[in-house]
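Common to both upcoming complexes is subunit A, partnered first by subunit B, then by subunit C.
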Partner chain A sequence: MERFITQDNLQRFAAGLAEKKNVLAPVASGGTTTFRRLRPGMQLDFSRMAVISPKDATFPRNETLLTVQHYPEESGKRMELQEHLPEGEMVVIGCRPCGTRGKLVFDPVYETQAIKDPYYIRRRDGATFITLACARPETTCFCHSVGSGPADEEGSDILLTAVEGGFVAKAVTEKGEQLLGDSLFEDAGAKAEEAAASNASARKLMGEAHDFSSAAEKLLKRFDDMDFWQTQSDKCISCGACTYMCPTCYCFNITDDEAGLVSRRLRTWDNCMSHTFTLEGSGHNPRSTKAHRLKNRMGHKFSYYPDLHGGQIACCGCGRCIKQCPAGVDIRQVVMAAQEYPDER
Partner chain B sequence: MSGEVSQLEELKAAIRGQLDSLDCVIGWEQGYDPLHATPLFIRSEADLERLTISPLAVHNPATYTTGFKGKKIGLVVRGCHSRSVIELLNEKLIERDEVVLFGLCCDGVVSQRKIRAALPADPGFVEAVELGKDELHITVAGEQATLKLQEVLADKCLHCAYPDPLVADVLIGEKHAPRQAASPACQDAFEALGNEEKLAFWQDTMSRCIRCYACRNVCPMCVCQDHCIATSRDHLWMSQENTPVENFMFQMIHVSHLTGRCTECGECERACPVDIPLMLLRRYMNKQVREVFGHQAGIALDKTPPLLTFQVEEARIKERDW
Partner chain C sequence: MNANPYLPDMATVVEVIEETPNIKSFRLVLNDEEKMRSFSFKPGQVGQLSVFGAGESTFVINSSPTRMEYLQFSVMRVGEVTTRLHQLKAGDQVGVRAPLGKPFPVEDMQGKNILFIGGGIGMAPLRTLFTYMLDTRDDYQDITLLYGARSPVDLTYQAELPDWLAREDVKTVLCVDNEYPGWEHKVGLIPNILLEMNPSPEKTVAITCGPPIMIKFTLQALKKLNFADEQIITTLEKRMKCGVGICGRCNIGTQYVCLDGPVFTYAQLKELPSEL
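Right after this comes the complex of A and B.
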């Protein structure tokens, strides 16, 4: 089903949804655009890809997993434990296909036969993704090289395509179809063709895709070549901008915040580029330098993860890690350098 | 433009002459698109060919020096970068005989944020960049735009008092006439706000912070590296909770650890992926240090930052009169 909505009506539609549900949308503030909880008076900003990915919707940067209330000994009670499972629904509006697809990398890890992460699963199942197709690639975009494209519908409930005067909205799931029943949506008519043409043109503008299929094997071949990784990581400053911007990075840390008799167990995003990520209790650190850590980040996304999960690359090609890296480390260049490295005779 | 070309050749020749005796020389090359440069670690003639010194080459190479302890490296430094080197030397964090400084008399570098604001389309769609003497000609999403360099210079460059390296082994370019430092308009506007407004500003701005620590890791003076109080896990000194209060707390720690040490290279603010104007805090702290101790970091060799030493009687703190 395809419908049309004007720009103003999309803003109205989002504001209406925000009265009933949590809505996460790109909002401009302080010279940048990030996903924010849509509050009355906030305007959607579709003028650029939001700097931070929509990962917060399904995997927030910080959440309280549980609270523990301890009791003084004389009370006879010891402690009470309260779990904080996420409640309610979340609608994400204006994410791009790459950001939406981030969760597809989470699924094989956080919902397996053996292990199910209830926090993630509840958020994912309670989330609706109204994705905006990209009209033109940025210099850092490479979704087409990791099995996607600028109008990829996978993971979305609705796909919006910008056309003259507004957007064509295509229902991808039943959940999406229900939302398109809102009276603010009109008959798409000839606009549907305009949207199809725009999506085809966007794909064409991306040019030829790079073939990463040899990366898994080639990265393993460089595993013990620390000279290679030292050179590749020269300019890296070992911060967390890349991993925290990344829609697919799913590692977390757990800490306990204690205050008096109450303690809260927090889960926060973790960052494999940080020294503490693999710091062991003994003081030993198997990834003691940024070269070791960069090797792991590249290897995980383009080799170890695909090996475990049917060849799926753990990267959605959004380019945020390239664009936001303070030193301009380019993930494509690093993986390609491993791919192009001459084989030993 | 021709001036810059001849300076680049002069610089390349100077580096070429010393490359064999150095582990590497850190400069810049074009990055992932024509609008962005990236640090370049020169180890061969082929690397050297990629060197650029255009106003797009913004990164402070001094940040990397402490990672090369015990090795001899070269750095291409602008005025502000040389201040970071001086401060590192003064704090004995690097050795003078382990760095060769290729100094550039600098006419300023760009602010990518100002370029974004001035362009007719998202800079992500950039196709070509041509550098004129005083302007940038940028093709973006099929449109041509000409930006005056002066209008897109980083704030730190607008009133820079030290455009020429204060320490260098080789100096490229012509020295500038002495200049007076001044605080940028954005600083004055912020400081004129009332406390309530400042609080509201930081509450909103710090809600964007994701604690990626790009500001910390890019800072040439943040040398605790893997032992930062903000991420220590034994003991957990700081909550990992990502609230404006905790985020601001980290920034307070960061700026106070830089007291009398910050050389205002602006890297923290440049590196911030969510555009938090961190220099508002740095400049304010530096102003206090100038007023209380008469000290400015990184402008002279053999000076110890005031909080790393003590005087029995501080010249400007009249304790006896209290």
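Right after this comes the complex of A and C.
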């Protein structure tokens, strides 16, 4: 089902949803565009891709897993442990296809036969994604090289495509179809064709895709070639921006926090580019240099994960790590270099 | 394990044993009697212990499944959580998530000679299997234990050592790095004592755990003694958090120490990217 909505009505639609549910949407803030909880009076900013991905919707940067009520020793009472499972629904409006697809990388890890992460699963199942197709890819975009494209619907409930005067909204799921029943949506008519043409032209603008097909194998072959990894990581300052901006990075830390007689167990985004990520109790560190850590980040996304999960690359090609890296490390170039490196040296 | 894999079970500390100046053993009983009765694990599996307010850390369950009055964990004090664990006394509450990880391949070891080589806190994972084998002694041929620490006070399980030394159905060799007054056992580094003992690889499985540097030289010694890679088993101490294959912290290539380990044969480790 395809419908049309004017720019103003989309803003109204979003504001209406925000009265009933949590809505996460890109808004202009301090010279950039960033996802915020949509509050009355906030304007959607669809002019460019948000700096940080909408990952918070399904995997917040920090969340409480458990709370513990402690009692003073003289009370004789035992501490009480309580699960802290997330409740409520969330609608993400205006994320790009790559950001929406981030969660697809989480799925086979956070929900397996044996282990189910109830925090992630509840958030994901309670989330609705209204994605905006990209009309003009940026130079850092490479979604088309990782099995996707600027109008990819996978993972979305509704796909919006900008057309003259507003957006064509295509329902991808039943959840999306229900939302399109709102009276703010009109008959799409000839606008549907305009949307299709725009999506086709965006795909063309992206040009030729990188061929990452030998990355899984070549990255393993390069594993012990530390000269290569040193050269590639030379510029890196281990800041972790690449991992924090990334919609597909799913590693986390678990820590406790206490205040008075209540303590909380927290989960926070973690960063594999940091020295402490793998530092062991004995002082030994299997990834002691940034070269080791970049190697693992590349290996995980382009080799280990695809090996374990049917060939799917654990990167959605959003280019955030490239844009935000203060040192100019380009993940595409690292993978291409690993693939191109001569076999016999 | 609970449906929520992050939700620990509450347990009570029933006994604390001061093993060495920086290692204590904790004996725990789950508060839920039914869960304690039905708790089952295999030697080599680990658990996550929580001191609420401080955090959670990984330790091997070093009691034997043949002795289920309590679950024992030995903890070396190295940082925040372990320091808070060391402050616990009998009656205190902790959280336990266990069992996690894969155990030692006990069935494959039956009918074989068993050689244990433990260094320092690395004796903890060996203790569970060693005690288990003492309780199922007939299933194995010769059992030898080489256990070393920096100095005599650094040897854990002091209360059990006299029994282990006295038993005729196992051979126990203790060593420390340097001479100490009153020390009657071997003096020297574990790999050197091992070469001196010159065990035959014939129908033997070697199980080793200890600090990375000890493991490195022990492996070299075992190779010198003609042990094949498949005959050497170790258990890794990669940093872990979730313990259930999600948090992404413990991988070596495609393998996750918390799910696929922590027990590996040397042959398996050689197949993995070299990132120990």
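Just so it is clear, the second predicted complex is superposed on the first by the 344 of 345 C-alpha atoms of A that agree within 3 Å, B and C clash if a C-alpha of one lies under 4 Å from a C-alpha of the other, contacts with A are read in each partner's own complex, and residues count from 1 in each chain.
By definition in this document, a contact is a pair of C-beta atoms (placed from the backbone, for glycine too) under 8 Å apart; a residue touches a chain by one contact, two chains touch by 3 or more.
Not measured: the values here are computed from a predicted model.
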item: Fit or clash between subunit C and subunit B when superposed on subunit A; value: fit
item: Subunit B versus subunit C as contact partner of A:Q43, first or second or both or neither; value: neither
item: Touching partner for A:T255 - first (subunit B), second (subunit C), both, neither; value: both
item: Contacts of A:L308 with subunit B and subunit C, given as first, second, both or neither; value: second
item: First (subunit B), second (subunit C), both or neither touched by A:K323; value: first
item: Subunit B versus subunit C as contact partner of A:Q178, first or second or both or neither; value: neither
item: Inter-chain angle, subunit B to subunit C through the CA centre of subunit A, in degrees rounded to a multiple of 10; value: 90
item: Partner chain in contact with A:S213 - subunit B first, subunit C second, else both or neither; value: neither
item: First (subunit B), second (subunit C), both or neither touched by A:Q7; value: neither
item: Partner chain(s) touched by A:L279 [first = subunit B, second = subunit C, both, neither]; value: both
item: Which superposed partner A:S201 touches (first subunit B, second subunit C, both, neither); value: neither
item: Shortest span in Å between Cα atoms of subunit B and of subunit C, once chain A is used as the common reference; value: 5
item: Residues of subunit A contacting subunit B in one complex and subunit C in the other; value: 253, 255-257, 279
item: Contact set on subunit C toward subunit A in their complex; value: 3-8, 10, 31, 50-56, 76, 78-79, 82, 93, 95, 211-212, 237-239, 241-242, 244-249, 251-254, 273-276
item: For the subunit A and subunit B complex, residues of the former touching the latter; value: 29-32, 34, 47-49, 51-52, 61-62, 136, 138-141, 231, 234-235, 237-241, 243-245, 253, 255-257, 266, 268-269, 271, 274-276, 279, 322-324, 326-330, 333
item: Subunit A residues touching subunit C - in the complex, by the definition given at the top; value: 65-66, 68, 70, 78-79, 81, 83, 85, 109-110, 112, 115-119, 220, 223-224, 250-258, 263, 265, 267, 270, 272, 277-282, 284, 286-287, 292, 296, 299-300, 303-304, 307-308
item: Residues on subunit B engaged by subunit A in the complex (per definition of touch); value: 24, 31-33, 36-39, 41, 59, 63-64, 113, 116-117, 122, 124-126, 141, 204-205, 208, 210-214, 216-218, 225-226, 231-233, 236, 239-243, 267, 270-271, 273-277
